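Shared between the two complexes below is chain A, which pairs with chain B and chain C, respectively.
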Partner chain A sequence: MAMSKESKKEKKAKVKIKPGRLARREAITGLIFVTPWIIGAAIFLIYTLGSSFWYGLNNIRITPMGKNFNFVGLGNYTQILLVDTDFTPQLSQYLFSTIISVPVIVVFALIIAILLNGKIRCKGFFRLIFFLPVIVVSGPVMGMLADQGAATISTIDTQAIGNAVSGFLPRSLAESITELFGNMITILWYSGVQILIFLSALQKIDSSMYEAAQMDGGSGWECFWKITLPTIKPMILLNVVYTVVFISGNEQNAIITLIQDSMFSGTKEKGYGYASAMAWLYSLVVVLIVVLFAVLLMARKDIYERQVKRARRERKKEARTVKRIERRGIRNARKIEKARTKRKYKTYDGSGDY
Partner chain B sequence: MTIKNGSETINNVSEATKTKWNWKPHRLTDIEKDKIKKFFMGSREKEGFLKQFVVYALLICIGFIYLYPILYMLSSSLMTLDDLLDTSINWIPSSFNFKNYAQAGSSMNFWPVLGLSIIVAGVPTLLNVLSCSVVGYGLARFEFPGKKIMMGIIIFTFILPSQVTMIPTYVLYSNLKILSTLWAFVVPSLLAQGINASIFILIFYQFFKQVPKVLIEAAQIDGAGYFKSFVRISLPSAAPAILTVFLFSFVWYWNNSYLTRMYVSGVMTQSKWTTLVVQLQKFATNFNSYAQTEASGATTLNESISMAGTMLSILPILLMYFVLQRYFVESIDRVGITGE
Partner chain C sequence: MKKRSRLLALLLSASMVAGLAGCGNDSGNAGDGGGDGNSGNTERAQEVVINGITYHPAADLTSDNIELTYFHFDQDETVKYLADRFMELYPNIKVNAVYENVATYNTTLNTLVSNGNAPDCIMYSDADFALSNMLLADVFEYWNADPETQNLADTVNSAGLGTFQTSGRFGVPVKFFPGVMYVDRNVLETLNVDVPGMDWTWSEMIQLIKDCTVLDSPDGMAYYGLGVLNRLDSYYGIAASQDIIGEFGYNGKTFDLSVWAVGEQDFADLKLGGYVAPAVETQENEDWSGDWEKWFGSTGHVAMFSEAFWTYQGTWATEAFNDLNLDVIPFVVPAVSEQDAGSDHHSIATIDFGGVTTGSKYPREAYELLKFMSFGIDGWKTRLEAYNDESIVNASGLALKYDVMPAPITKDAEVWDSYIAMYTKGMDEEHVAHWKNYFASCMQPIPFGWTSIAGYWNYCDEYFNKIGIHDKVDSGASKAADFATEATEKANLYHAQAMIDYFGPGGYNVLSDEELAAYEQQVADNS
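Right after this comes the complex of A and B.
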């Protein structure tokens, strides 16, 4: 927080000074360094996003002469949302399962990180195991494992959980929860990187803070909520975003296969345009999920921050009042002076003086 | 029965029995009680046995769940068909059957494909390191207009699913005639747009920000240009970041079958480029056609063989992980993603 404030101040100071030759040269060199990215973004981001949007509005047929564009407006979108029997259920399924499994993954990663953060023998060995899935996890491997039933813990009776849950929850939600338990190992496997991120964040927390809290009689539980959690809050957001992105790009995800299939499908209404429209809808949902989690996590300010903010606001208000009073004093003084010089100011005794 | 109660009951025992057995109750002193309590519940300085026990139990349980699929894969890949069907055999096969591996390997065309996989994952990875380090350095070291916007776009590209830009990219590649060649991976990674390149740019950005500016300025006073000070001073000091980016990029390229199939090995047609993971995806069809051609050792596809195939496809990267595990696990610490 404070850092960004300072840098902003610096920037403001820089704006006032006219950039010298060195600064200009540095700016140009910097631009040269990032040129590859700028070219890449122009080709692979701006151009492709634009044309993908344009594709989405067209029905594209591939003929031997080349691609045949046929403008249909929002036809693809209405087709997908209203007629297609696969996409909407898949998308809502994806939405629910992501919203449920992301907190599970992140909380789980946090728990493991806290366990590992204590004084533990064979810490390296445990880290080795928990990071292993990151290396191995890939679409086909997970597919193979799921086919063989190795991705579930066979002792958990998923059917019973599903039945129990579906009693008091809507069906789609209950299905997602059942699926969550069914794919427990898959869920756990997705939390390798998150564990490491949390672990290195936990290790960076100053131990003197905990000591100070203990002096004041804070229990471990309180320390966790009032020191650990606020300190690693940015990491929670980072991990949530990472998890969402990882799940959405994972090959186990049925939607991206659906998009690919409809891209190469030979039917009349499907094709590149149809698949582009699907991809747009899908990315919209992904970005929405990320924004949702970001808003949820950023909205909750902790007590300390709130107090600082309130103090700052009060100080500002005070400063404003002081300034106002000062200004009023100056104005009044000027008025009185003016009146006195013009001899318009009447006092009770008529002398013009106080 | 607590200790206090115990001593009371013993006091109630009649004198006669006491003399008969000549047995004196051992009273626990307060210090001993305290010691036992400390051993189980822990004290301010030392964690108690109970807590440690719970922690280790949890870790071992979760660790087992983590390893379960791999152990399962390993054990069932070594089973014969009879072992698979035998319900009394759960984990340890009656005899190690390495024929599964031989069959799976030859149906996947293991050795040539292994070489191809290394190239397909390695070349874009090297280029990724190169381009992302340059871009990250440019962002970290220099001030120029539009930098904030650039950072915003980089983060946005990380969130944006690759599917939305996939179709025009596919068309672009086919227009440029680089579809189904390695160039389809080389070009984007050269322009810092490869798989997850935004993470790598941010890693380098973070790292180069930590390199003291004084060092670079000293080099410049000694007459090094901007580029030279980058190559000579900043890049060698960024070895941890380079290693991290290299490892992660390699793993991600290796494991990516979706984009590899799309751009490099071909969805409809089969180009000469393929990877083990892509081969695994088509394992069933590949194996069936292999079994038909090779009349002698032909067996039908069973669980053991597909598990052996899966094992083969992850084996190289698993070996790499066990050799380089220290760098993997410590990478996130050293790069300092969590610094801010």
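Right after this comes the complex of A and C.
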């Protein structure tokens, strides 16, 4: 009987408590605070995304008399994928070049951030220098610099690299690698924000961890791999995502130009609808790249985390076993009690008769 | 509570989306209205004199207070000057002149149109963009009722420039830059080569280029026959015959690129033969002139230039070029046959067109504004006032006449006399006579294809430029004639399809059944 009372108590404890007036007020306040975001997202994200998707299913002409919509279903998509001779090659080149250049940018940003986080003179000045391109190099300026040949390191013989890699790699991959070397300066200039993110992460690492490691004889190299890198790992993923998004939406990106050209093209098949369909296909590829990097970076958890997780799992397993044993005990006790009440069981009376 | 707040947030988002979706249904009926004076005639009111210029304002414009937007890529200060004068003539009309750089022009215009803010008048250079989006209204009624339109350069009406070979008129010429071959007489004199006459032929020009190329010059710097801005194949395609009214041998219905191929091959042969001066910012240029960035037009070692019309006033006539010992004079682009060369003949020209938009509520007034800004005599008198006053400068401090100044496309004698007087200011009589002779010979302009032929831009964008014909022929890898047949078929296909799309039932619907059938046949023949 005592057990059944306990289980009733447990059941009672599981009943949800109705939130009080204060909690409700807090929730409303929270909602009010997020309302601007909801409105912004509704106008600039949900509505535009919905419109863009609808546009992608239509052939659209924007005339002063109004927008002329002609529903074509998946016609734009099939046209882009099966007929358009520009989009698919550009997309594959973008895919390869992004996969190649993102690690370069992130690793460069990490190296610079570590250097800038060290004990050096004029730290602020150097930080400014590395962040300056972010402010200065807006789309048109970058375009002008690239036209002047400032996007490449003149001493790098990109043609020779191109010839060398095209010998054993597929054309689009070889072109992406050549392009990487051809736009080395540009790529390095894209790392300003990432450097800042890494810097802030580095500055949050507890210095006592390094001190403890050094006291145990840990070298700088070991400290980097065992302390710095695991601690800032979430920031690596963040930077990778930021870099992919930045490269994908950059004005220098040939696909953006292609989409814009299609938008304003006078060709019958093209226009806003065609460009929207292109943009959706492109977005899909961008999302795939982000997912790819996320899977790569999230899968590699460090040993400590794995051990903690395993221990947690084992504890949970033990708790489940204990509960199972308890439940079994309760069941058995009930059975015995029942049998006793029906006089099926007799307690041993010492007569030698079992 | 959590559920309720989620629900509230969802409802809020949904209501916003629904509300905005409702707003998005743009009726776009801006063109439904109309000014009071949409009668189609262009009656003139009493003369008005401003700054000594006698104007003939239109009498049939609305007396209501209205605002017109003129969206352009013309020289901004000049347009503003013209807009101010227009507002003086028509005090009830406010002109909002909006300049947009050519590079972002179509994008901005499209955004304005999609937001329901279509300007009343626009300039355009890519006809396919303007026609496919039905930006241009048919102003045939106003054009036909306007006597000034009959006194324009002959080809405007004879070749139907701006009509796109339909019964309507969708574009009017706004800026006219005649085709020209500039010759540096000092180079010819140094090389002891005769100066050509204005009636020279194509083959004479090619010969002159060859004669003036001296690679082992005694002064150590090679002389070249030709400095290139515009490719000669574009010039040849029009100079070949008087039946041709557009690039690539366009006769008003179909193309014939076998004509173009001859010019393309001539030009490629000149390049391959070493008769063409190196382009700026090339190693060849540095080896030749000693300066990576030196422009061949400033070397005094190039005999002839396929430069733009405005290069003379904008560059050679400026102070910086006074001491370079150049004597650059213009020649009309030569015709291929002697018979054509001996008289006024078709020659390539840069013409930027404009139109009244289909969204304008006041098309009659918009037409009058467009005319004032472009070919109209009153507008040109005002332009000349601005060009003559060198205290009026652009953003760089340069007098307006040096900043991409066009030529009048009207044949009005008063305008031309004033223009030549302004243009040749400071020249000796012999040069003035030469310029007069040139201007008298350049009034049969045929514009580049993308401004005047439906489907041309798309054809170049999606076929011609994509397969890199110029590069292949210029490098000697292919002969131009190899491409002629297929390129002709493709051009005919693009053009016919564009005509059906733009002017057929799905577009302006101005083609007759016979015309439509002919274009459909053309599509079938070339598919």
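FYI, the second predicted complex is superposed on the first by the 325 of 354 C-alpha atoms of A that agree within 3 Å, B and C clash if a C-alpha of one lies under 4 Å from a C-alpha of the other, contacts with A are read in each partner's own complex, and residues count from 1 in each chain.
Heads up, the rule we're going with is that a contact is a pair of C-beta atoms (placed from the backbone, for glycine too) under 8 Å apart; a residue touches a chain by one contact, two chains touch by 3 or more.
Bear in mind the structure is a predicted one, so any value in this text is a computation, not a measurement.
Three-chain overlay on chain A, with chain B and chain C in a clash. Contacts of A:Val308 after superposition on the shared chain: neither chain B nor chain C is touched.
Once the two complexes are laid over each other on the shared chain, residue contacts for A:Tyr55 go to chain B alone; chain C is not touched.
Once chain A of one complex is fitted onto chain A of the other, the partner contacts of A:Thr63 are limited to chain C, with no touch recorded for chain B. Look at A:Ile185: by the touch rule set out above, it reaches chain B but stays clear of chain C.
With both complexes superposed, B is the one of chain B and chain C in contact with more chain A residues. In the superposed model, A:Lys268 lies in contact with chain C only, and not with chain B.
By the touch criterion defined above, A:Val83 reaches neither chain B nor chain C.
When the two structures are aligned on the shared chain, A:Ala23 is found in touch with chain B and with chain C. Clashing C-alpha atoms with chain B appear in just one stretch of chain C from the list 236-244, 272-280, 362-370 or 398-406: 398-406. Of the residues of chain A, those at positions 23, 27-28, 30-31, 34, 39, 41, 43, 47, 51, 67, 260, 263-264, 272 touch chain B in one of the two structures and chain C in the other.
Considering their complex, residues 44, 47, 55-56, 58-59, 62-63, 65-70, 72-73, 76, 131, 134-135, 137-139, 141-145, 147, 150, 153-154, 157-172, 188, 190-193, 201, 226, 230, 251, 254-258, 262, 267-268, 277-278, 280-281, 283, 303, 306-307, 309-310, 313-314, 317-318, 320-321, 325-326, 328-329, 332-333, 337-340 of chain B touch chain A. Against chain B, the residues of chain A that register as touching in their complex are 14, 23, 26-34, 36-37, 39-41, 43-45, 47-49, 51-52, 55, 67, 112, 115-116, 118-120, 124, 126-141, 143-145, 147-148, 150-151, 153, 184-185, 188-189, 193, 196-197, 199-201, 203-204, 214, 234-235, 238, 241, 244-245, 248-249, 251, 256, 259-260, 263-264, 272, 275-276, 279-280, 282-283, 286-287, 290. Taken in their complex, chain C has these residues touching chain A: 1-2, 5, 8-9, 12-13, 16-17, 20-21, 24, 26-31, 106-107, 110, 113-114, 118, 126-135, 357-360, 457-458, 461-462, 466, 497-498, 501. Interface residues of chain A facing chain C in the complex, by the touch rule stated above, are 19, 23-24, 27-28, 30-31, 34-35, 38-39, 41-43, 46-47, 50-51, 61-67, 85, 260, 263-268, 271-272.
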